[in-house]
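Note that the chains are named A, B, C, D, E and F in the order they appear, and that numbering of residues resets to 1 at the start of each chain.
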Amino acid sequence: MSFLGRGSASGSGINNDRIEMAITELDTVTDFFNRMVQSCHAKCISTRYAEGDLNKGESVCIDRCVAKFNDVQKKVGEKLQNRGASNNAGSGGSAFGTL
Amino acid sequence: MDFSTFNSAEQAHMSKVIEKKQMQDFLKMYANLVEKCFNSCVNDFTSKAVSTKEEQCIMHCTEKFIKHSERVGARFAEQNAEAMVAGQNQS
Amino acid sequence: MDFSTFNSAEQAHMSKVIEKKQMQDFLKMYANLVEKCFNSCVNDFTSKAVSTKEEQCIMHCTEKFIKHSERVGARFAEQNAEAMVAGQNQS
Amino acid sequence: MSFLGRGSASGSGINNDRIEMAITELDTVTDFFNRMVQSCHAKCISTRYAEGDLNKGESVCIDRCVAKFNDVQKKVGEKLQNRGASNNAGSGGSAFGTL
Amino acid sequence: MSFLGRGSASGSGINNDRIEMAITELDTVTDFFNRMVQSCHAKCISTRYAEGDLNKGESVCIDRCVAKFNDVQKKVGEKLQNRGASNNAGSGGSAFGTL
Amino acid sequence: MDFSTFNSAEQAHMSKVIEKKQMQDFLKMYANLVEKCFNSCVNDFTSKAVSTKEEQCIMHCTEKFIKHSERVGARFAEQNAEAMVAGQNQS
């Protein structure tokens, strides 16, 4: 993320922490969206590829898939928070030593 | 995403960041599409030429994936907009 | 990992790096979990609501994945500790 | 990509945009190559692993697979351009607000 | 990796090469750990998800899986070194021109 | 890739970048290989020791993957060279 380096060099009133947080949020949303695209493709799209258009069944399936995927995201998020797992069950967390 | 609290220098900076990310996302989507359509459509290795049937499958696969992504994006944006309205009504 | 040869500026720097990485790792794990549990548990697209059965599957999937990760982490840490002791005895 | 930060700091006549573009190109080619390796492995290599050498059938399959994969890349690229989809059908594109 | 840019900007006695190497090591361990989690999940965990706890069979399987995965890592590493492949069999290596 | 239009500072810079990337690519290939060969070869969890049969499979898997990558790389380089010649003849 070279832009941050440049940002801090120019010093033109840019708050680096704010920018970093915005980028993390952007990356998170993009990653989430891409996974939704992949999952709903696997669930709804026939891989015979007899035509280039979405047929009726596929279209309806996509709409429901997006709603369900969003719902699953919320439920998993709540579960993670309830479990208080948010801080230390992360992948790799236990693999690092402490400084 | 809401960048309205950013000052103009920060907004200009984020514009460049987003522009760069969109290019990278496009390139990643392209690579992804090649991989997906190749894996679904190409199964005959008795020749090194792509057959007419394989080519047609690849064209359909590409077109369908784009339409699929667009539809997912549209539904996703709608749901985010609804969630935002719901959030404002609560506060 | 051993940062004992780092000076204090470097240690402070690595602390920030690790903190940031842990946040990113958590977000990646979360996205991963959503994808995995969705793919395993949701197979009915005759409705846009998640069914009770699907929801239960998702809760179990999430809980099991966390317990799995924790167990893998614990065993992994043990083996690394053993490997470190073995390495010190050799030298 | 920390090197960019350093580049801009030293100011030794380095054009950052050119460097960034070269790195993007490098990353794109590497990603493409890695996907080709994975796809052709899945198509051509038996996972019984009875021996460590590539047999005749696998070798011929790899050669054809590389040719076909490259061809598919071209065809998909042309399709994307024709569709004028190059700018806004990208994954995640629609997930971002405008500034 | 924006933090590196910042490090070099502040110049407060930070050795950038050492920091970069530490980060590469961190990333490598994390990536390895995540792959182990994924592989052992695929090998040991039933996807019926009838309950949230690990049952006895799953728990024992995980313990053995971690030991075996570590062992495979060592064996593959030795093989790569013996073959002297460490430098140039890397994915993408052959895709780059020389400067 | 053609860096001939780069000045010497830029070329030196790109050399460092490429060197670093090659190291990262190697580490990623290594991790990938461990994952792939583990998934293909290890299926018995009645013991924590890798069996002779599993070990042999892993050795073959590793060797074959390297030879496979090298062959793909060689064909890929040939095709790029051809494409470049074709491009020059056209202009």
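The criterion applied here is as follows: contacts are C-beta pairs under 8 Å (C-beta built on N, C-alpha and C of every residue); 3 or more make two chains touch, one makes a residue touch a chain.
Quick caveat, the model's predicted, so the values are computed rather than measured.
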Interchain contact steps from chain B to chain C (minimum; 1 if touching): 2
Distance-maximising chain from chain A - centres being C-alpha averages: F
Chain pair among E-F, A-B or A-C whose interface repeats that of D-F, sharing over half of the contact pairs by residue number: A-B
Intercentroid distance (Cα basis), chain D paired with chain B, Å: 16
Chain B and chain F: spacing of chain centres that average the CA atoms, whole Å: 27
Geometric centre distance via CA averages, chain E-chain D, whole Å: 21
Touching two or more other chains - residue numbers and ranges from chain E: 1-2, 4-6, 9, 20, 26, 29-30, 33, 37, 44, 63, 65, 67, 91-92, 95-96
Sequence positions of chain F contacting 2 or more other chains: 1, 3, 14, 18, 20, 25, 41, 59, 62-63, 69, 73, 76
Contact footprint of chain C on chain E as seen in their complex: 3, 7, 12-15, 18-19, 22-23, 25-26, 29-30, 33, 36-37, 40-41, 44-45, 47, 49-54, 58-59, 62-63, 65-67, 70
Complex interface listing, chain F residues touching chain D: 1, 3, 6-7, 9-10, 13-14, 16-18, 20-21, 25, 40-41, 56-57, 59-65, 67-69, 71-73, 75-76, 79
Chain F-facing residues of chain E, complex: 20, 24, 28, 31-32, 35, 38-39, 42-44, 60-61, 63-65, 67-69, 71-73, 75-77, 79-80, 83, 85-87, 89-97, 99
Of all residues in chain B, those that touch chain D in their complex: 1-3, 11, 14-15, 18, 20-35, 37-39, 41-43, 45-50, 54-55, 58-59, 62-63, 66, 69-70, 73-74, 76-77
